[in-house]
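By letter and in written order, the chains are A, B and C; residue numbering begins at 1 in each of them.
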Amino acid sequence: MASVVFQHVVKKFGAFTAVSDLNLEVRDKKLLVLLGPSGCGKTTTMRMVAGLEEVTAGDIFIGSDRVNGVLPKYRDVAMVFQSYALYPHLSVADNIGYPLKIRKVPEDKRRRMIMEVARRVELDGLLDRLPKQLSGGQRQRVALARAIIRTPKVFLMDEPLSNLDAKLRVQMRAELKHLQHELQVTTIYVTHDQIEAMTLADRVAVMNKGVIEQLGTPREIYNDPRTLFVAGFIGSPPMNLIDGEVKDGVFTSPGGIRVDGLGSASVARAVLGVRPEDIHVIPAGGAKANIAAPIYSVELTGESTLVTVRAGAALLAVRADKNFAGDYDQIVQVGFSPERAFVFDRQSQERVDF
Amino acid sequence: MAHRRKSIEIQRVAAYATIAVALVVTLFPVYWIAANSFKYDIDIFSIPPQWIPANPTLKHYRAAFIERPFLIYALNSLIIAVSTTLVSVVFGSLAGYALARFQYPGRWRYQISFWILSTRMMPPIVTIIPLYIAFNHLGMLNTKPAVIIAYTAFNLPFATWMMKSYFQDLPVELEEAAMVDGDTRLGAFLHVALPLARPGLAATAIFCLIISWNEFLLALILTLTERSQTLPIGIAGRVTQYNTYWGEISAAGFTACIPIVIFAFVVQKHLVRGISFGAVKG
Amino acid sequence: MTVSAGAKFGNSFERWLELHLRVLMLAPAMLVLLTLTIFPSIYMIVAAVTRISPNPDLPWQFAGADNFLRLLTDEQFHVGLWNTLLFTVFAVSTEFLLGLGLALLLDRYIRRLNFLKTVLMLPMMLPPVAVAITWKLIYEPQFGVLNEIMFRLGLPLQAWAGDVRLAMFSVIVADVWQWTPFMFLLMLAGLASLPDEPYEAAAIDGASAWRQFWDLTLPFLKPIIAIALLLRIMDALRLFDLVFILTGGGPADRTKTLSLYIYQVAYRFADPSYAAAISLFVLFMTVAFSTWFIKRMRLAD
């Protein structure tokens, strides 16, 4: 078991900087999710741990070993690829046993370990099949089994669930979480799916353009976004972000939204952020409405109703009660408590505390 | 509507007729050389031609393969073709993999690939004189290794390009997975990439085999003795200024075709893909 | 589990191998090709500007451009060049038209018939020597099949490959027989990869089959047509086997190609310097043409 530490890691592909000055510690036995949009450098970061990419500058440590320039086979990491990367010419058993075969583990011991791992991921009946004869979920399990058969120092998972259908993804997510808890192996998990990140992670590192925007527990990332990017990226539906101006603690937007009680902050180009579930539809005559606006659309999601209202040029999403009823262009009043709102500086993209 | 359907019917019949004609034209010469190889000389020269051998005989086969050294020629052809193919496929796979997978500074990958291909554009007649002189100096004229080396140079560019495209079509994650699982790069190539490129290896090998089996000019110049000559050279040798030994060359010529025909049908899937592919991508 | 650092990160040989794998894998092929193309090229250039005596003990003499100047006045060379171009133009264009036509037919009426494809491909795979003697047999003036057919049709008998007027035509027919399958196959591969949607759209727009062919099929096939033509032209420019056996270059040099002439100059007239000069001309011609053609057809991308 080991921690993984990045110190001032830089990765360039020609003139393009994929990762710039990355400092990060993945704690022993914990699961860290690298979360970000495609091209943000998260996969490159993971591949540098595996040794599939060489760092341009900086150091990577696995445990106490500096692994710069060490061949992948000596890093003792296991990786689950997005495409699973099962060897199409080998049976399920041979796929799972490949890492052991390479390490010259004796045949009988190997077979025993394959059986054991296969039972754990419920593949025992399929060991003689070829990968192409398996369903997507089964292939995913084979990839997992191949990774866990030799209890490596670090698991690397590159969007392992993204090729599964929605239902299976939820199921596999729970299995993954349980497995990681059981095996107690340090894990780096790359995904662009924030729900996966929230549900799986001990800590999440949100990456954007080769830089970590924020590192924290899922709850911190959600409740306390430090940058505009993190605020917009986390949450579904995403946080409402409204451009406007803050003067002496009062936010006003061109669309007619007004929020009082933002301390004594003043920001010339401000962005007000507030999550849809923190905004409420206020019955007619209620006092603390922030805006009265026409309904743009009403979407019933089941456990709630997503109401979008038009505030000038901007649209404002509101999570309302599941019994909410309203028609297009009907004027409704919506409001929220200023404590649930965030103010960001458009210039620096950072959050402004108040 | 009925009128339209009728015209489509006519088109279809015309199409089938054309294809039938193409088949006859394609197959008749092959049939004709086979038919003549089984005729007595007098029947070969008969006017009008004898369409089907009336008195089939193996006389010419006996003459060619027992009285004359065609068995040696055939054996030489076989040894040379197989050796050339082995060397070309091995070297071609290595180079093809290197070009498909590794990083190169600047435009080197493109430059090297293009240079390898461009060597194939050189007409053989251009390189044959220096090769002859070099092999002469080395005392290698009339030896199989000389022919094999020359043929390898001839086949390698194609083999490299073909294998390069096959490797490029393989997902790179498989080799990466192998490396993370504990293989070296070389191990990933040997254990994962190579087994998966088997169709490519087959197609490349078929091509090298056919080209080497058929080749004429290089063998003509590099081999002058009966012991070293190949089947095509042996056949050409029986077309002299004074006499053409029709029966014998028909027998030998047809023999030279047989392995190719059998081959073509056994491996037709690889063949069609190989030719189109080699030309389209290479 | 603790292991010593050396064992952990692999021995030095393994590291060295991994670092140099790129070069090591390229090396065998590169070495073979370098030796077998660079050396001959240098030799040809040196030989072309010298006068090599048939007596190997005499030193080579520098001859400057003499060998190249001879090209200007050598009538046999002009004949060879003319024959080569004539052959290339007629053989390749016939092969192209026949191959394309057959491919269109087969693509439309008979799909997925590998067996038929393989049969139609046979000629291009057969040894050129066997092809040459087969046609020699067919062209034979006295007992050949072709004259039998002419006789049955009431047409005058011909000497075919032995006739001054018909020799080149005979060579072209044999070559067309052998190489039309190549064009056919490539065109078929091209047709098989055409997308369906534009044709459906064109059919809805009311375009005739003929218009669809000109406006859709041909533009789609253009890259593959260009490659097929290029490969065939490069091959045709170096024609040797067929004429060597079928006609020996005759009658009256009517089928003598440049390759055949180089062979004669080098081995019958034992003049490697002049042969080198002609070879370089052929090489230059091939390279110049293919470069122009590739640029023209925008094949580089």
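Everything below uses one rule, namely that a residue touches a chain if its C-beta (ideal position, glycine included) is under 8 Å from a C-beta of that chain, and two chains touch if they have at least 3 such contacts.
Chain labels with UniProt names: A = ABC transporter ATP-binding protein; B = Carbohydrate ABC transporter permease; C = Sugar ABC transporter permease.
What you see is a predicted model, and the numbers here were worked out from it, not measured in a lab.
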Checklist entry - How short can a chain-to-chain path be from chain A to chain B, counted in steps between touching chains? => result 1
Checklist entry - Does A-C or B-C have the larger number of C-beta pairs in contact? => result B-C
Item to check | Whole-Å separation of chain centres (CA-atom averages), chain A against chain C | outcome: 57
Next on the checklist: Please tell me the distance, in whole Å, between the geometric centres of chain B and chain C computed from their C-alpha atoms.
Outcome noted: 14
Checklist entry - For chain B, what residues touch not just one other chain but two or more? => result 184
Checklist outcome for this item: chain A residues touching 2+ other chains are 71, 73
Checklist entry - chain C: which residues touch two or more other chains? => result 14, 18
Checklist outcome for this item: chain C residues touching chain A in their complex are 5, 8-10, 14-15, 18
Checklist entry - What residues on chain A touch chain C, complex-wise? => result 65, 70-71, 73-74
Checklist entry - Can you list the residues on chain C that touch chain B in the complex? => result 14, 17-18, 21-22, 25-26, 28-30, 32-33, 36-37, 39-41, 43-44, 47, 102, 105-106, 108-110, 114-123, 125-131, 133-138, 142-145, 148, 151, 177, 181-182, 185-186, 188-190, 224, 227-228, 231, 234, 237-238, 240-241, 244-245, 259, 262-263, 266-267, 272, 275-276, 279-280, 282-283, 286-287, 290
Next on the checklist: If we count contacts the way the header does, which residues on chain A are in touch with chain B in the complex?
Outcome noted: 50-52, 71-73, 75, 77-79, 81-83, 85, 87-89, 98-99, 102-103, 146, 156
Checklist entry - Taking the complex as given, what residues does chain B use to touch chain A? => result 171, 173-174, 176-184, 187, 192, 195-196
